[in-house]
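Look at the two complexes coming up: chain A is in both, with chain B in one and chain C in the other.
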Partner chain A sequence: MSANTTANATDERTRLEALWERDAVKIFVAFAAIYLVYAAIGLALGYSLDGIVNTLRRMTYLIAVYGMVTLALNLHWGYTGLFNIGVAGFMAIGLYVTMMLAKPVDPTGAAQYPGLGLPMPIAIAGGVVAAGLAGLVVAIPALRLRADYFAITTIAFAEIVRLGLTSGMAQQFSVFGAELGTGGGRGLTRNYGDPMNVIFELEAFSSFVDLTNALFGFGPTQARALAYSIVLVLVLIGFYWLIQRTSRSPFGRVLKAIREDEEAAQSLGKNTNRFKIKVFVLGCALMGLAGILWRFRRTGVTPTAFRPHVTFYIWIALIIGGAGSNTGSVLGSGLFVAVLFEGPRYVRRLIEEVVTVGDAPNTFAGAVGPLLSANPAPFLRYTFEEFLTLQFVLMGVALVLLMHRRPDGLLGHREETAAAIPLADRPVAETGAGPRPGGTDSDRGGDSQ
Partner chain B sequence: MSTVDEAVNRGRNLSSEQFLLLVVGIGAVALLGDLILGLASGTYSISRVARYVTEGILYGLIIGLAGIGLSMTYSILNFANFAHGDYVTTGAFFGWGVTYLVAGWGVASVGPLVLVAPQREVSGAQLDVAITATPIAVLAGLLVAGVATALFVLLIDRLAFKPVRGSGGIPLLITSVGVAFALRYVLVFVYSSSTRGTTASVPSVDFLLVDGYVSIGAHDATLIVAAVALMLGVHFLLQRTKLGKAMRAMSDNRDLALVTGIPTERVIRWTWMIGGGLAGTAGYLMVLWTGTIDWQFGWLLLLLIFAAVILGGIGSIYGAIFGGLVIGVGMHMSMIWLPGGDFTTITAFLLMILVLLIRPSGLFGGKTTA
Partner chain C sequence: MSDTTTEQSDSLTNERPDRPTDDVELAVDGLVKRFGGITAVDDATFEVESGSMTGLIGPNGAGKSTTFNCITGIYEPDAGTVTFQGADITGIRPYQCAEHGLVRTFQIAREMANMTVLENLMLPAKRQRGEALWRSVLPVTRREVVREERELLERVWDTLEFFEIQHLAAEKAGTLSGGQRKLLELARALMTDPEMLLLDEPFAGVNPTLEKKLLEHVHELREEGYTFLIVEHDMDLIMENCERVIVMHQGSVLAEGAPEAITSNERVIEAYLGGEV
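Right, the complex of A and B next:
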């Protein structure tokens, strides 16, 4: 009897392990944990129901946006091996072009600079195309370069974009007689209608507002924000679907071949340069779209929003999840936002809730001095005061540790089959147990199965 | 047939590169012609152009000095170190802490002095910090900036880079981005994020040049003397000592160096120390020259240093120095045509991208002979 139960138990365990092996399950568990923890934090901080839901909504919004950009970056680095560290530049181009196209022709009130007054869908399309074109401009000459030179070129490009947007020269200019402007360092204010109005003005939306009011006590503004986040999640799913399809297509197989060994791909008659240009442009256009969706509802934008920090965040998310894995990119964005981006702030609030911290010394010297006389309190207070600075230190250290311990990330095992037909589904008996005659080419961990 | 195709293809590739070169060449000639004509006709003030050139050379010396270290680690350890800019900042803070301590001993308490007055408790002007008024404080600071940064960089190598040294250039590059980020905010944590003035005003000599004056201050002169002396020092170190020979051998062929019996690990250590020391002194001199210090000036300098190193050719210290001067002078000269200073950095980046496209191995031919 007991042997039977243990057998059953092990059976159950292997089943669970097999289930755990699936990326979707890991993502589900991770996200459920993230939301539960944040709901618990909300409770501990004494938030009301709408506060908690709003916290979770904000998380969702951030995860969706970072997820989109990370997926696009995964297309560059994970699938093709293009080391793009100019992500922020392409996002900036997308958003700025969209805003410049959408702003009304006659500037009113505080909004100093005119735009073209185009309808929103056209403006978004324009922004995406502009980001893609920028990618083309960078890609055509730069793809001949080594990975590290390519990286430096892309970050230099992103800085050129940011500094160009900051400079006074492009503050206001005219193209074919139409006045446009980037607003220079002061940036652009949004003086067009809410871009989500297409949805908000639907008949059905008012019942959504009523529903959220009944469920969480949301007002109309919060309901709109929630709907916006839901739309972003849908777009994220679209991104995932698109990139998953791309990577599984014959086109995607060539990309993986380029990543593993570009010369080998060339020797098989593939024009690798053309593939690289295409995929780079596609990824940049997607980054542009993510940049647009990230901030086009806000009251305004300044060039400081596109400092190299943004690129750094996306890279951490990608590396947490594992380059080359789309599910990993989504998981990585979730973990990055929950643990590294939002986490420290909530931890700080929690500490504040539990203990009264008191006045911190205002310099590091004032914090360290008492340590010599075995009084750690001022140092702890100072650390607490500077928590948000330390958050950035934490991000940097996290990246270093990831490179040390898990350079392939959580899901970046990169064992995708290159063959068009499924190989794994065949019964074991047919494939035989002996070594394959082809030799041990699978030990490179690439697409060689 | 196939050989004909090949020749045609080669010709096509060549022609696209030559076309780019031609465009750049025509652009350069046009700018030069415009400059000469403008100077001759008096459209551009001669003394103003001379001021741009002097400022450019001084700025270029700093970039070149910091670039030597980056170039050395790039060629010997084979990765682009994105933390190098923050080594520059770190060195500046180390050195200026000592300068403040020496110059302000007894005036203010030790803590704020070592932290370069994080809440602006005292200013450089109050302490009268200048090469002419407090030469010992400045020299002590310069020395500490070099030595302390060298040791600090060694520590970072041990903690961050050594464990992943074998895993190739890109993982090391990503690691260095993490190090840069962490280090920058540790500096904010320790030294605060305020920008402060560090020096008192110093005497200067004015040279009359046709339609105006070009002025060289005492700190400009200090920068020139210190930078040139350090560059000569590195030159002799690499050319005359056994260590230099070993370094050159390693950047040439690491495996061969290893089997020849060169203690590669020791050479790597020295490379980090020399590179870090030069970065630290460059940071110190930059602050002495500009008179202000803040937590991210090194990071903002980093891409310019990369531009210089790539322009000169990775691995060549002469290339780094030359590249630094080209970038510095180019940046400041750009203000002749694009006034306002908004476009100086953009000019530098465009210069770098152009060099990468026309001659990826750099102007000094990619000779990795240190």
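Right, the complex of A and C next:
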């Protein structure tokens, strides 16, 4: 009897393990855990339902955006070994071009710059194409460089984009007679309708608003934000699908080979430069799209949104999840946002809720000094005041630990199949002893028994 | 060992089925490659017959590997021409060289360490339609790609069978032993469907049993019509297995001919044993 239960238990165990092997399950379990923790803390603190759901919504939005860019970066670094540290630059080009194309031709108000007044879908497509073209411009000369010089080129490019947008030079200019502008340091204001209006103006959307109102007590603004996050999650799924398909194909196989040994891949007849350019352009276009979706609903954009730390956030997410794994990229983004990005803010609010923190000293000396007289309170208050700066320390510690304990990241064992079909076992030839379907060359390369 | 030697010399006298014997597969004429002040290859000229197994030997620093690199497009020669099957291929890019049917292996095996043996072998096949990104992504064309992959996988398994390494199919190439990697390299080169193979020290660091096996495979392939040019340090091995031997010394060709003629050539003996190496 007891032997039977043990057998059942092991059976159950193997079944659970087999289930865990599935990528979707891994992602689902991890995200359910993150959301449950956040919701539980919110409930414990007695937050209202709409507040909790709104927190989760904001997190979903961030995870979706980070997930998209991390997937695109995984295509560059994880699969092909292209060290792109100019991610923010390509995101900036996507968003800026989209806004410049969508802004009305005749600006009203003094601080406004004219645009081309194109409809939103065309403006988005334009932004994506522009980011891809920027990738092409960088790739053609830079891919001849060694990996480290390539990295320097990409970050230099991103900084050129950001500083170019900041400078007054391109504040307003004309192309073929049409007036355009980047707005310089003041940036661009979205003086046109919400880009999601296509969805918000649908008949069905009003019932969605009613539904969220009934469920969570959401107002129309919150309902719109929720719909926006849902759309982003759908786009993230699209990204995942696209990149998964790209990597599980003969094309993806060549990418992997380039990462492993480019010269050997060339000697086997692969024109590696063409593959590198194609994949770099594709990844940059996807980064552009993610950049657009990240901020296109905001009231405006300034170049400061695209400082290099955006790039490094994406890299941290990729390293956590494990380069080379698409599931890892999404998982890494989730953990990055939940623990390293939103975590400290949430904890800070939590502490504020529980204890009243007094005034913090203004200087570090003022914080450390009282420690000598065994009075830790000023130091703790100071630490609390600087909590968001601590975020960077936390990220650093997380990276060091990860590099030390698990340099491959959570899922980066580089085990994803690089073929359009599963390669588990030898397929059984349907025709039995007869000639195999692919046998045109087997008389030379194969066994000539 | 002596048994296999007689067997092999038997196979050397076999008629090659589909090629005239006096065809020149590869011709190198006046090849020069300089690195700064050093002339690594200095006016090297030789020919390799179609369907032959030719050995390229010489002391360290004689310019053998540099010659290989110039032929296969990894280096661009400073002077001279390389002709393959009558076509001038001087200074072409490495991938074009493989497209012509001239494929090399490396002195130190360069397997794709983080890819499985199967993936390593599926990579080189020519004209894979799925290498076009859009075909691999779009649903309708994807079906065709999947079908092609199935056919390719069949071919890969046949190749694995030929080299008797089916048991390694799912292993990551980086976990293989040195000798197994050399086998994999040869197998991978064959998957490009080549006409001629340039093997750079294929037997270095391979244990005697595996070496014997590797040699058997090479002979079998040669009988099927492939041409081989082999760089090797083991003189006995070259003398026993190649019908023609080219000796390089200080960047140029010192002697060329049948093994017997080479072993008795005084300049060769001097270069190897006494002279200014």
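Note that in this section the second predicted complex is superposed on the first by the 416 of 449 C-alpha atoms of A that agree within 3 Å, B and C clash if a C-alpha of one lies under 4 Å from a C-alpha of the other, contacts with A are read in each partner's own complex, and residues count from 1 in each chain.
Just so we're on the same page, a residue touches a chain if its C-beta (ideal position, glycine included) is under 8 Å from a C-beta of that chain, and two chains touch if they have at least 3 such contacts.
As the structure is a prediction and not an experimental result, all values here were calculated from the model.
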- Query: Regarding the shared-chain residue A:256, is it in contact with chain B (first), chain C (second), both, or neither?
  - Reply: second
- Between chain B (first) and chain C (second), which, if any, makes contact with A:212: first, second, both or neither? neither
- Using the touch definition from the top, say if A:154 reaches chain B (first), chain C (second), both or neither. neither
- Task: Please indicate which partner A:189 is in contact with in the superposed arrangement: first for chain B, second for chain C, both, or neither.
- Result: neither
- So, does A:393 touch the first partner chain B, the second partner chain C, both, or neither? first
- Would you check which partner chain A:278 touches, where first means chain B only, second means chain C only, and both and neither mean what they say? second
- Classify the contacts of A:84 with the two partner chains as first (chain B alone), second (chain C alone), both, or neither. neither
- Quick one: in the complex, what on chain A touches chain C? 242, 245-246, 249-254, 256-257, 259-261, 263-272, 275, 278-279, 282, 324, 414, 417-421, 423-424, 426-427, 429, 436-439, 441-442, 444-448
- Touching chain A in the complex: which residues of chain B? 20, 79-80, 110-112, 114-115, 118-119, 160, 163-164, 167, 169-171, 173-175, 177-186, 188-193, 303, 306-307, 310, 338, 340, 342-343, 345-346, 349-350, 352-353, 356-357, 360
- Message: Under the stated contact criterion, what part of chain C meets chain A in this complex?
- Response: 72, 74, 93-95, 97-99, 103-104, 106, 110-116, 118-119, 122-124, 126, 128-133, 136-137, 142, 145-146, 148-155, 157-159, 161-162, 166, 169-170, 188-193, 224-225
- Query: For chain A, which residues count as touching chain B in their complex?
  - Reply: 83, 85, 141-142, 144-149, 151-153, 155-157, 159-160, 163-164, 166-169, 312, 315, 319, 362-366, 368-369, 386, 389-390, 392-393, 395-400, 402-404, 407
